[in-house]
Each structure stands twice: as C-alpha cells, then as structure tokens.
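One chain, chain A, links the two complexes that follow: it is found with chain B in the first and with chain C in the second.
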Partner chain A sequence: MIKRVRALPYRTELGLMLVPYLLGVAGLIGLPALLSVGMAFVFYDALSPPTWAGLANFREILTDPTDPLFKIALANSLYFVALAVPLRTLGALGLALWLNRQRRGVGLYRAAVYLPTVIPDVAYALIWLWIFNPLYGPVNLTLNALNLPTPGWLADGDTAKLVFVIMALFQIGEGFVVLLAGLQNIPPEYYASAAVDGANRWQILRHLTLPLLAPWLLLLTVRDVILSFQTTFTANFIMTGGGPYYATLFLPMEIYNEAFDAFRFGPGAAMMLLMFALTAALIGVMFSFLNDWREADEH
Partner chain B sequence: MNTKQNDRNPVSSSVSRKRVSRGLIYHAISWAILILFILPLVWMVSASLRQPGLAPPRIIEWIPNPIAWGNYARLFDLLPVGRYALNSLIVSSLAVPLTLLTASWAGFAMAQLSARGRERLMTFSLVVLMIPVTAVWLTRYVLFAWLGWVNSYLALLAPGIMGSSPLFILLFYWAFRRIPAELYEAARLEGAGAFVIWWRVALPLAGATLVAVGLLAFILYWSDFITPLLYLKSQSLYTLPVGLRQLQEMDRTNWPLLMAGSVVMTTPVIVLFLIVQRYFLQESRLAGIYGQ
Partner chain C sequence: MSIFRKIYAWHLTLLVLLLTACQPTPPTATSDKVSFMVFGDPAELKAYQTLVKVFITQHPEIEIELIHIPGQSDYRQRLAADFAAGTPADVVLINYRRLAGFAIKHALEPLGPYLDQSAALNATDFYTPALDAFYWQGQHVCIPQNISSLVVYYNQDLFEAAGMAYPQTGWTWDDFLATAQALTKDTDGDGATDQYGLGVEPEFIRVAPFIWQNGGDLATPLGLTLGTPEALAAVQWFVNWQVTHHIVPGRAEEESESSESRFQNGRTAMYLNSRRIVPTLREAATFEWDVAPLPQNVARATLLHADAYCLAAVSKAKDAAWTFIEFANSADGQTLIAKTGRTVPSLKAVAESPAFLDPTVKPAHSQVFLDEIPYIFRLPLVPGWVDIEEITSAELQRAFYGDAPVAEAMVSAVTRAAPYFTEND
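For the complex of A and B:
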C-alpha cells in the first residue's frame, strides 16, 4: 500500500510563501527604521565607529545659529505640503468626478490624465526645467506672446517653489484612479433613489457622493501628506539643488546633503526623526479636524 | 446614443438636441484636459528635435525648423547610452521575475489565510505602502555598506525580495481571491500542496494580473533614480536615469540633447503603460482592484 506523504502541512507552506515578503520588509524597512532612531543620537561618519552624542545632533540642527538650513528646509517643505496636498486631492477628485461615467472616449481621457504619472522622475524633472526655462521655455514664450510679465521661475526665489507645486499637480494619476474606484463602489441604486427624491446634481454630490467618498479621500490625503514631504527629492536634485539661496531646499535634499554629501549621518537621522514627528503631528491634526467636522455635521 | 431614434419623434427633438450639445461640451472639456496632460510630453519631443545653439524663438515652435534628428545620434556619441540602457534592462529583467515570484507567493498565501490573518496582512501592507524610500535611505545605506552591496546591483535588486511594493502583493491577493474557492478545494482534496496549487491553479488564472504587475515592476526599476544614485559608483554600472543626470552635468544648457535623452528614457515606459492601462483604468476592473 502506497501512502502519499506530504512533506509539509498546508499552513506551513503558506507561511513559507510569506517569508520573503515579511523578511524583506523587516530587513529593508523595519531594521533601517529602528537604526535611524539610534543613529539620531550618535556621531557617525561611515568611517570611524559611532560615538554617543545624546541630544547634540538635535541641538545642532535646531538651535545652531550658524546653520539655519534645516529650519529653512522645514519651512519650504511645509509650504509645499500646504499647497500641493489640497490642490492635488481636489484635482484628482474633480477629474474622477468628471471622467467617472462610462461614455465614449472616456478610456482615452483617463489614460491621458494618468500619463504624466508614469514618466520617470529624472526625465520628468528635466522636462519641467525646460518648460519653465525663462528664455526658451514654452510657458514664458506663451506669456510673452500674450504680453504678460515673464517671471524668472526657478531662477527667482519668489516663484521657484511654485514650479515644484505646479509639476506635482500633473502627477495625480494614483489619486485619480483610487477615487474612480471609490466612485464605482457606490451602488447605482443610491443614485436612482436620489433621482426619485428629486435631488439636483449639487445635492447628490454634497449629500451622497462626497460622504461616501470620504474614507477614500482621507486615505489619499494621509498618503499624500506623507509622500509630499519625501517625493520632492529627485526633482529638487535635478532642477535646483536647493537654490536660489535655499528657496527650494526641501527636507529630503537637506538630509541628502547632510548624510551622503557631508557624511554627517547623525544630524541627518535627527532631521529624519523630526520630519516623521511632524508628519505624524500633521496627520493627527487632520484627524482631529475631521472629528470636529463630523460632530458639527451630526448636530 | 439613441439620438437618431429620437429625431424621428418631433416632440423629443429639442430634448435630443440638448443632449447632443451636452455631449459636445463634455467632449470639448475632456479634450482640453487630455491636451493639458499630454502637453509636457509633446514639448519634450518637440524640444528634442530642435537644432542646438539656436537663439530663443519668439513664439512656441511646435515643430522645430530644421528638424534635428542628429541630436539622438549625438547622445550616443557623448555617453555610452547604449550601455546604460542595457544596464537598466539587466536590472529590470532581473527584478521583474523576482518581484513576480515573491509578490505572487505573498498574495497567494494571504488569499488562503483565515479572515483574521488576511485582515492583519492587509493593514500591514497598507502601512508599508505609505513608507517612501527616502524614509529609510540613510540607515539602509549603512546596512548595505556593511554587507558590501555598495556599487553592486544587489542594492538595486534588494526590494525585489519583498515583492518590490506592497501594492503588487495586494494586486495578486485580489486576483487570487476572485478565483472560485472550489478550485482550490478540489486541488487540495487531490493532495496538492500550496506551492503546487499556486503554480497549477492560481497563476494560470491570474494572467492579466501577472502581466500588469510585471509591467508596473519594470517601470518601477527602469525609472529608479535614487537607488542607483546612492549605490552605483563605477560608470560601467550606471543605469539610464543616472546617465541622464551625467548628461545634464556635462552641459546644462544643451536642451535639445537633454530632451532627447528624456525621450529615450520615457518611450519604453509610455509604451508599456499604454499596454497595461486598460487593465487598471477599465471600469469593471477598477472596483476589483481597489475595492473591498
């Protein structure tokens, strides 16, 4: 009698399949995240062994009057997040609402909206560097043809940050797709009964669509706050390197300079921790506003 | 579009005319959106064909005169662009199979677990999805330096171990969940183990997801700038994004050449996107991918 012997029970095999994923996350994200916390409290230059620093790294980046760059970068990043996140979310929402219904050509329009999102970062940065070139760029050529003033854009500290916001507004494909999915998850019967009740378009949007989309919008905004602090790096590195006069020095660029250029890993890690704390605080504030708003809505 | 039918009925002809003009407005605005979003690409291509060294034009030149195809040849003269492209291709084609393997394993295991296990892994994946590369780059660098992975493709390929992105795991998870549970049950009754079911039952029925994740992963590795910037020191290992940066450092004002380089880098991505876009922009699939 031949008895089939299975090497491993089913659940063990499933566990094995999860090993690369879980181990990878632990090694590539978990461990580095833990090490960052430790590194913020030591002096380390990647050559000699680390030595204990206590709070010296934090004191240096926050209070040293000779090196205000962290504070400048912090202010710049906050400016970017405050402008880019709401505009990106609204843009994605507007486009998702507009291109939600299945009509002829809608697939083409959706693909076009998503297209800039897939352009590789370096190429994307170079393209916008060209578009906003003061002399050759299409934007200033257009403004010139319309007899409008032609700003120096990236060469001018007052307008340079705006270029980063504008180029971020074209890469909203992910939010757009997530909101489209959210819209399509709303059962059509809801709309049918709203129509029977005689609700107009605005009322349907305000009282039916938006409340049902709220969880998706929240997820998206949280993700965007986190990402907006981080994703400026490649564009920053390629387009301005932080100039003119640190007007576009965003946090990841400053951290890169500190750690990978000056090999001062300690202060770099301290900046990183502060950036996380700030991101977490911002998200906390967002949630508390949301709770207030919900309570006000219930009364 | 039943406007034709309505036209036969005189009472409803004004209604149908209204509908037609509404349709026109819809398409006019949608086309404006479309043009706005492809404008950066159009300008990139147009600028890549401009003769270098010309004075700035007074109005936008949509089609440059003369058309300088030579910019593309010049690109390959200045830098080993072919070598860089090959390197990018090597990295991507090693990373894609690795990603497909680990992501589909994790997605399959997740789909087969109990409801509680599924929920936990879902939350875990969504949290990981929110962590960008730059959040851990410092200490990851230190870690890889200890392992001796600096200036080697191992550093670039390492994320493949965790399926590259939790999004890919979720895509596989959703695809495997859509397969009727009876198929898995039947295979288990015949004594098949998890790896056999994954290979024989699950994967063959998730072909579309396999293609989509493969292409998305390819785009991810092809476009990656930060990792090669941090880890690759010798020029012979450079991938295209770092090569493009090198080109910029050689001559910051040679826009036609920089744009030609951008076109070379972007074209494969656009082509792959156009193939894969149906999969995740199509109505019926959207809810399946992001829903639940």
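For the complex of A and C:
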C-alpha cells in the first residue's frame, strides 16, 4: 500500500527550495561581510592573531598625512561615479527610447547594445588597452590621420580616468533592457490621450514618459551607484594598476592592495566600511531628492 | 585592554580560525610528503621537474609535490595568501626583498642550524653576499639559490651597425650616456625615435646602483636617505636619461610597448635587467646579444637580486623538506637549474663551472655576473620594504616622466616611506 505523503504548504516548499541559496549567501557573503566589519577595528596581518585597534585604522586612512592613498582613491572613485552613473543612465535611456518602437532590424540593434555587457571583464579590459594604446591604438591612429592631437590616454594622468568612464559607457546592456521593459509597460492609451491633447514629443517625454519611468530610472541609478563603486577593479588591475601616479587608483584597487598585497586587513576593512557607508549615503541623498521632487510635483 | 576588547579580539580570532579551518588540508599531512612551490617559465618548470625526478631516484622514501606558478607577481600573491591561510608549501622560493616580512612573523623555519649540521652543504661554499641577504636576527633563515645582479644587456648587431665598440668593464657614466645617445635613432626620418639607446624601468631597484656608484646610500634604519646631495645627483642623472637626453622611451612610448619588449624585438640597443630575462632572450631574440657590467662613477656598484629556498615554519615534514633543500642546493641540484639560464648559481663551484659559464650559450660573457659579485650591494632587510619600494618607485616615475622635480619627488618618497621603517618594531 502506498503511503500518501502530506503535501507541504506551497510557501514552505518555496522556502525549502531557497535554503541551499540562503546557506550559500550566508556562508559565502554574509559571514565574510560580518568578519570584514569586525576586521575594521583590529590590527590583523594574517600571520599573527588580530589585536584590538579601536578606531585607529579609520584615523590612519583618514588623517595620516604620509599615506594619502585612500583619499586619492576616494576622490577618483567619486569622479568616476559622478561621471559614469549619469552618462550610463542617460545612454541607456536614450537607446531604450530610440529602440523601443518595433521596426525592421530593431532586434539586431538591441542585441548590439547588449553585446558589450556579456564580454568577460578581462577580455574587455584588454580590448580597451589596445584601443587606447597611445602609439598603436586605433583611436590615436585615427586622430593622427586627421591631424588632431593624440592624448597619452592611460599614460597621462589627466586622461587616464576618462578612459575608465568611456569604457563603462559601453556596458549598459542591463540598464537598457530594464528601461526597455519599463517603456513597454506604459499603456499605449496614455500616448493616444496625450496626442489628442496636442502634446508635442518633448512634452510627452517630459510629462508622461519620464514620470512613468521614474521608478525604473531610480532602480537603475541606485544599482549603478553601487556597481560603479565596485566594478572598476578588474580593468584597474589589468590596465593601469592605479597609475600613472595614482591617477586611476580607485577604491576597490586600493582596498585590494591594502588587504591582499600588503596584508593590512584592518585598514583595508575600514576602507571597505567607509565605501559602504558612502554608497548608502549617496543612495539616501538620491531618495531624499526623489521625495522632494514628488512632493513638488504633487503641489 | 578591557574585558570587552579581549572578548572581541578572541571572537574575531575564533572566526578567522573557523574560516581557516574550512581551507583544504595542507599538503603536508604526511611526514614524507613535501610540497615545493616555485615560479618560472616553461623551461624553468622543466628544470624543476628534472630536479624533483633526480631527487626522488635518490630519496624514494620522500614524495615531492611540485607547485608551479608561472608569473613572479602571481607567485608573490599566492605565497602571501598561502602563508596567511596557514597552508604554505613546505619549501618555497623567496626573494630577499620579501624575507623580513615573513621572518619577523616567524613564518619561516631558520635553516642556519640545519646548515651547520649538514654533511652535504657548507656555508663557505656559497657566495657571502647571497648567504648574508637571508641572514635575519642572527640566523641564516633561508639558503640562497642564486646571486644575480643588475647588468647591461646589449644588442651586438645594433652596436656593429653603428660602428660602436661593445661596452667594457670600467666604462664610466659619460661613456654610458654617450653610447646610449649615439644609438638612439630616428631611422625613417619622421621625427619620432625608432631605436632607443637604452631601456629601463623607472623603479627604485633600477636607480639604486647608481646612487651607490655616486657615493650615496639608500637608507639608514630610520628611513630613506634619498635627500643627500649624492643620492639626489644620481637620481637626477637617471631621470635626465628621459627628461633631457631622451635616450629611453617616454611614458606614452613605454605604455605602448615596454622597454623589455622593445629590446627583445631588436629596437633598443641596451637594456638594464638582472639574470631573469636570459631564458626569454635565448628563446625569442633574433639578434646577437651579450651582457656587460653597469658603468661606474666614483664607485663601482650593482644591486643584488637573489632568491632562496625557505622552509615554512608550519611544515610537518621539516626533515624531509631539508633533505630536499640540501639536494636542490647541492652542486648537482644547482647545475640542473643553472642550465635553464635563469640563475646565477649561489654555489661558487657551480657558478665557476661550464654549467654557468659555457661561452657557446648566450650570454657569452656570463663571467660578468661573477665579476660583479665583489661590487654587489643589497637592499635593507626591513619588514615593510615592499611598500617602501612601491612608494619610491611611484615618486621616481613622477620625476622620470617630468611631472615633478627630482628633489620634490624624493622628499615625498622619504616622507611617505618613513612609517614603514618603524612598523612591526
């Protein structure tokens, strides 16, 4: 006789299915993250046991005049976030608006926009290293052929950071897809009503499309702020190592150098905590702006 | 320390230990199994494989696990990570510039007592500068595998095409500069330099010999001494190669193609490096090349480059590991490795044998490396030396590419490096 097994409630089943992932996240992300928080308050070089440091690691990275690298890396990362996030969001928005309507070959264009996003980071860095090679790269060869000045790009402290921003502008596939989905969620009747009211294209964009896309744009911007603080590492490591003279030393690279090259885990973890706090603060500022904007809009 | 702080520190230690315990079991679980980690190109790997093979035929009771990391930079990171995880290989190769960082934490088993009792090895068989470079707090910590130094590699074809005599021992700074200037050429007349007289990485370890040659020094136990007139003049002379004389590639040119690659491709007449690039040049260079000593000024000096076989303090197979180190540093062991071309043997008997000096194998004048030994200077053994070197190289590059005056860059290097001299005290 077959014994009938009582079915578990649907939500419990779902919960059970999540258990392996939750364990993985807890063990591989949660626990190390907690450990990193703790490490910010100790001296630890991995070869001897940790000793209590209190706030000394924070004082060292913020106030030590002989070690300006954290402040340089912080300024570089803020520069990158300030340029890359708006430009990437605007780029994704512009392309989503342009490629929203069904027309011939649109699938191909959409794929072309998404394609650079799936290139592995190392390969992507190597491609750009060649593109911006000061003597043999296609960018400078073209500029030279046009008798235009040829910057040193990664060899020049003034232009090196810009290369990282330019590189980031081509990996906007995910944001593009999110905004495309957002645009396609807007009911066509709204546009029909706006057309009946005689709204022009700019008015439709300003008063209809953008407000309806606002939650998507916010999601995208928040995600991009978090990512932009973190995703420079591979390219940074492969292309410049932080040079010339720290011009491209971004926070992840500095944290890596401090923790895994110099084995000063305390200051490395303190930098990581500050980066985390800064990211949270920036996102907080964005939400506060959004709330002000909503309130102003409602009035 | 308050109770709270003690509890906090212990909890963190426990967490670290917990994570460490999750690491794979160290490869030193059995007493007769020895892990041996090295870096090097395929030719070197082959030599190490032969070394292990020959050792096993003589000591079948010991099993050797060879761990090979191709790049030196990756090797250094792997080494540090393995020590941090408490699972280093039993026998590792360490450069003396990194020795103090490990030694001060007692991560290495001092090999002096083993050497004293060895029937196969004798301290007097080694070149003293190499042995001394691994001497820390009254003990020989590791046994040196090699004793390389900074020399001038030169492209004989380019010298002959220009009708220039090859560099000779005793040549001066003026001779060196004049030679490099004569060999820097715009061969196609387009206004851009196509052939550089010299290639060099603007790093602290490259400028160091010239500071000694000018009567200066790098550091005291309290900090760098790069602000002395002798040191500043030497650094200025080095920087002028790029800023004033343009005998070395500028920043954009170096970014486009490294000096090492330019030399390998036959477009640079002279290149400064240690013995490291010999295997690559033997394989890749399509021109005739040889080595010469560095030029000299008020003194003759070059920089020691040396690696040693070290024994991890946490090894569970110390006796077996020492037996292997003893063999690797015997005449037979060093001969096998010397044949790759990568090393200048630290054992006098091997260095002075055809295994190293064979004139039919390039470079024809390997004797240059041995002639330089009496003039070898070494870098200070300071736990934070790697950081000091990185900071000073960054400041030097600023001056080398004309972004800051030499004096300003060196003052900055001295200031920024100062904390690392007192760290770990």
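We adopt the following convention: the second predicted complex is superposed on the first by the 284 of 299 C-alpha atoms of A that agree within 3 Å, B and C clash if a C-alpha of one lies under 4 Å from a C-alpha of the other, contacts with A are read in each partner's own complex, and residues count from 1 in each chain.
Quick note on the criterion: a residue touches a chain if its C-beta (ideal position, glycine included) is under 8 Å from a C-beta of that chain, and two chains touch if they have at least 3 such contacts.
No experiment lies behind these values; they were computed from the predicted model shown.
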In the overlay, answer first, second, both or neither for which of chain B and chain C A:18 touches.
first
Contacts for A:48 in the overlay, against chain B (first) and chain C (second): which applies, first, second, both or neither?
second
Can A:262 be said to touch chain B (first), chain C (second), both, or neither?
second
More residues of chain A in touch with chain C or with chain B?
B
Which holds for A:35: it touches chain B only (first), chain C only (second), both, or neither?
both
Give one of first, second, both or neither to describe whether A:154 is in contact with chain B, with chain C, with both, or with none.
second
Just chain B (first), just chain C (second), both, or neither: which does A:234 touch?
first
Contacts for A:184 in the overlay, against chain B (first) and chain C (second): which applies, first, second, both or neither?
first
Is A:99 contacted by the first partner chain B, the second partner chain C, both or neither?
first
Chain A residues contacted in one complex by chain B, in the other by chain C:
31-32, 35, 39, 44, 46, 133, 135-136, 260
Residues on chain C engaged by chain A in the complex (per definition of touch)
1, 5-6, 8-9, 11-13, 15-16, 19, 77, 80-81, 83-85, 102, 105, 107, 251-257, 386-387, 394, 397-398, 401, 403, 415-416, 418-419
Quick one: in the complex, what on chain A touches chain C?
31-32, 35, 38-39, 41-42, 44-52, 64, 66-67, 133-137, 152, 154-157, 243-246, 260-263
Touch list for chain A against partner chain B, complex:
4, 6-8, 10, 13-18, 20-21, 23-25, 27-29, 31-33, 35-36, 39, 44, 46, 95, 98-99, 102-116, 118-124, 126-128, 130-131, 133, 135-136, 138, 141-142, 144-145, 170, 177-178, 180-182, 184-185, 222-223, 226-227, 230-231, 233-234, 237-238, 252, 255, 259-260, 265, 268-269, 272, 276
Contact footprint of chain A on chain B as seen in their complex
1, 23, 26-27, 29-31, 33-34, 37-38, 40-41, 43-44, 47, 56-60, 102-103, 105-106, 108-110, 112-113, 121, 124, 128-136, 138-143, 145, 158-159, 161-163, 169, 188, 191, 193-195, 198, 219, 222-223, 225-226, 229-230, 241, 244-245, 248, 255, 258-259, 261-262, 265-266, 269-270, 273-274, 277-278, 280-283, 286-287, 289-291
